[in-house]
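Consider the two complexes below, in which subunit A is the common component and subunit B and subunit C are the respective partners.
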Partner chain A sequence: MELVKGTAPATEKEPEDTIFSWPHLFYVELIAVLVVTAALLFLSLYVGAPLEEEVGRDTTPNPMKAPWYFLGLQELLVFFDPWIAGVTLPALIIIGLMLIPFLDTNPKGSGSYTFSERKLAVSVYAFGLGLWTALIVIGVWFRGLDWSWYWPWNDLHVHKPPIVGLKDLSVIFATKLGISEFLGNTLSYLLVLVYFAVGLIIPVFIFKRFYNRLGIIRYVTTMVLFLIMAGIPVKIALRLIFSIKYVMVTPWFKI
Partner chain B sequence: MWEKLGVGMFFLVSTVALTFVIIGLSSFMERLYKRNNRNNK
Partner chain C sequence: MSNLLQRVSDWVTSTQVYKAIFRHGYEDTPRNRSLTTFSNVLYHLHPVKTRKESIRFRYTWCMGGATLLLFVVLTVTGLLLMFYYVPDTRRAYQDIKDIMNVVSFGSTFRNVHRLAAHGMVLTVWLHMTRVFLTGAYKPPREFNWVVGVILLTLTLVLSWTGYLLPWDQLAFWAVTVGTKMAGDTPLFGVEGPFGRQLGMRQDNDIKFMLLGGTEVGQNTLIRFYVLHCVVLPLVAVVFLVIHYWRVRKDGFSGPL
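After this line comes the complex of A and B, so read on.
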């Protein structure tokens, strides 16, 4: 290891105020790794895995729950097409996370990514994580027989009546406004279009500096990803509260 | 109707609450980090 001349944009400190990552940081990290490994080892030795009863050839468990870390995904399947909930949305999450270094032009908080310096960025990330955690919490503690909703005070052994009366938004438009199903469908397309258009255009005028700093390509990518994320709880709430099955129905996909 | 409203509101409120919990944890860790940093100087 040697010292070379150069600048370090991540810190404004003088060299006298800094220390080498090797060995100072490395030792701390090594100790942390050893402690966590030892804790996991003892935990796995003394705490049994919560396995269910032995599998029977003639009975399928009801409800069939995935491991807890997949329950968010399983919960999404209630509200979206299988390939949207199981493939597209997880892929968008991974792609979105991978794109953060390319989309984020704010040099603040470099090296110590803290809330006080990056309020918006941390809040948006926390919202995504909060949403995912809420879906897991619901899947673990609020779903019972037939994947129905069970409050903690409901009897888990009694079947709940299946949810009836779910309607697509296009059908609701057609019946309430007395228009054809084609027009109702077009109206639902327009509504989704307006959601994205408003979400893309309004912030350009309100957060001009944000838009100018990012440039059009970064801005559109960031906002489209954000609007998709923000649209998920909206869609779920529409289904849970107003019994709207799908907001937009196309021959290829439904959302 | 009330059941549906309750379920929907529970989902929305728990999402917002968990978001604030995560932000709170982030702020707490920041404060801890800054305090440690000051003590080490």
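After this line comes the complex of A and C, so read on.
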């Protein structure tokens, strides 16, 4: 930028592309600031910050709910052990989000809203966002005493019978197929392996162009992250339909 | 009279103090008009000229700006609350009661602080969705998206550390549940996979570090207080500066 002769400051940019920040941008900002501040003050009159009884270790609230933005994770605790739901999945979400610009090689659709030019990217994002929102909605409005499922018309003060009869996948294999526990366990490992193997290999042949554009490293990273994300509703469905507690049991951890 | 005013104003604008503050002359000349623009801090923070498309509401939803505004509101209201709140388990709860019932406008500031905190989580989330949908993370802006994700994480951790400070049942048990999970961290938590094999105990794992003990107590309160009021906001400001700097350097993503 430099000072030039003339009656007005000018930059090297094309004149028709830009407008002066003052007043055009500052007006927009001023209006936004006023609207948000007014909304905050107005809402604060009606929505008070809660303050419950002072800390007491002898009484435990039931249900114990985290703030709403963490209820997605808390809801996952129903279906996964804490090391997955509370630590590994949040870490993977953050890492996965950070990797998005390096995994999405599609040069189109920068600087405008478009679905047709980035069908895959927008669909995957919408899937993740939808899943996250659904888990939060369930956590906020459908969970009550003992973290049981409560419909809006259920009495929130009556305990629901606890869910019993959950079995590990390996045990189901062993009893249904009449094989040893070791074989049942091996079969469950194989099934998890097959889920990832099929998920990784099949798209290579069906979506050749997608695979070629990404290259092996980007492709594997993308698909592993996607398969883990898609595995969450799969595991939830297995629990709800087949009463399966763990799909994979190892001496060190259970999934 | 107007003659006197003119002389006073001429004198004021010719003093060294005035010239030190306003680094351009007073007369309406093209050079001064340029200097008023180029030596103004507002034009350091903003571009002098902006792309026409990039100030359309339907493109930005104003969500990035709203997030910054909420961050500023949280800083101001948070500072005011700090005058009355002492992070001592014996009086923290009573201090909040005082803020709510005794301090002038105390309840307003606390309500606004909480609403802005919840609102900031929402606006960060919407801003991220907007940036994704407009493909604004594509080259050359990849790294700024990464900085944005760091800021999202900081927002959540800031909100969570603030949750404990009122020292009521809600705060205590929410943080107890949250930190219990830290003990389940693979490798670094005593309950997590491979934790015990790596020598983790109740009194040396990551949960112990977070709580300053084995359960939520005075050590936890002061840790969360310092993180919430000093450490995390400073870290957030550093990343905010990088975030905005890169928006300026990479250019706004709006349509060409």
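A few notes on this one:
Note that in this section the second predicted complex is superposed on the first by the 204 of 255 C-alpha atoms of A that agree within 3 Å, B and C clash if a C-alpha of one lies under 4 Å from a C-alpha of the other, contacts with A are read in each partner's own complex, and residues count from 1 in each chain.
Just so we're on the same page, a residue touches a chain if its C-beta (ideal position, glycine included) is under 8 Å from a C-beta of that chain, and two chains touch if they have at least 3 such contacts.
None of the values given here were measured: they were computed from a predicted structure.
Contacts of A:18 after superposition on the shared chain: subunit C is touched, whereas subunit B is not. By the touch criterion defined above, A:194 lies against neither subunit B nor subunit C after alignment on the C-alpha atoms of chain A. In the superposition on chain A, contact is made by A:87 with subunit C only, not with subunit B. Comparing subunit B with subunit C, more residues of subunit A are touched by C.
Look at A:38: by the touch rule set out above, it reaches neither subunit B nor subunit C.
In the superposed model, A:116 lies in contact with subunit B only, and not with subunit C. Look at A:131: by the touch rule set out above, it reaches subunit B but stays clear of subunit C.
Of the two partner chains placed by superposition, only subunit B is touched by A:243; subunit C is not. By the touch criterion stated above, A:54 is placed in contact with subunit C alone, subunit B being left untouched. Comparing which residues of subunit A touch subunit B with which touch subunit C, the overlap comprises 112, 114, 122, 129.
Subunit B meets subunit A in the complex at residues 4-5, 7-12, 14-23, 26-27, 30, 33. Against subunit A, the residues of subunit C that register as touching in their complex are 30-31, 33-34, 37-38, 42-43, 46-52, 55, 57, 62, 65-66, 69-70, 73, 89, 93, 96-97, 100, 107-108, 110-116, 118-119, 121, 128-129, 132-139, 141-143, 145-146, 149-150, 152-153, 156, 159-160, 163, 166-174, 176-178, 180-182, 184-186, 189, 191-194, 197, 253-256. Residue ranges on subunit A touching subunit B, taken from their complex, read 112, 114-116, 122-123, 126-127, 129-131, 133-134, 137-138, 142, 149, 233, 236-237, 240-243.
On subunit A, the positions that touch subunit C within their shared complex are 1, 3, 6-9, 11, 13, 17-22, 24-26, 28-29, 32-33, 36-37, 40-41, 43-45, 47-56, 59-61, 64-70, 74, 81-83, 85-88, 94, 97-98, 100-102, 104, 107-114, 118, 121-122, 125, 129, 252-253.
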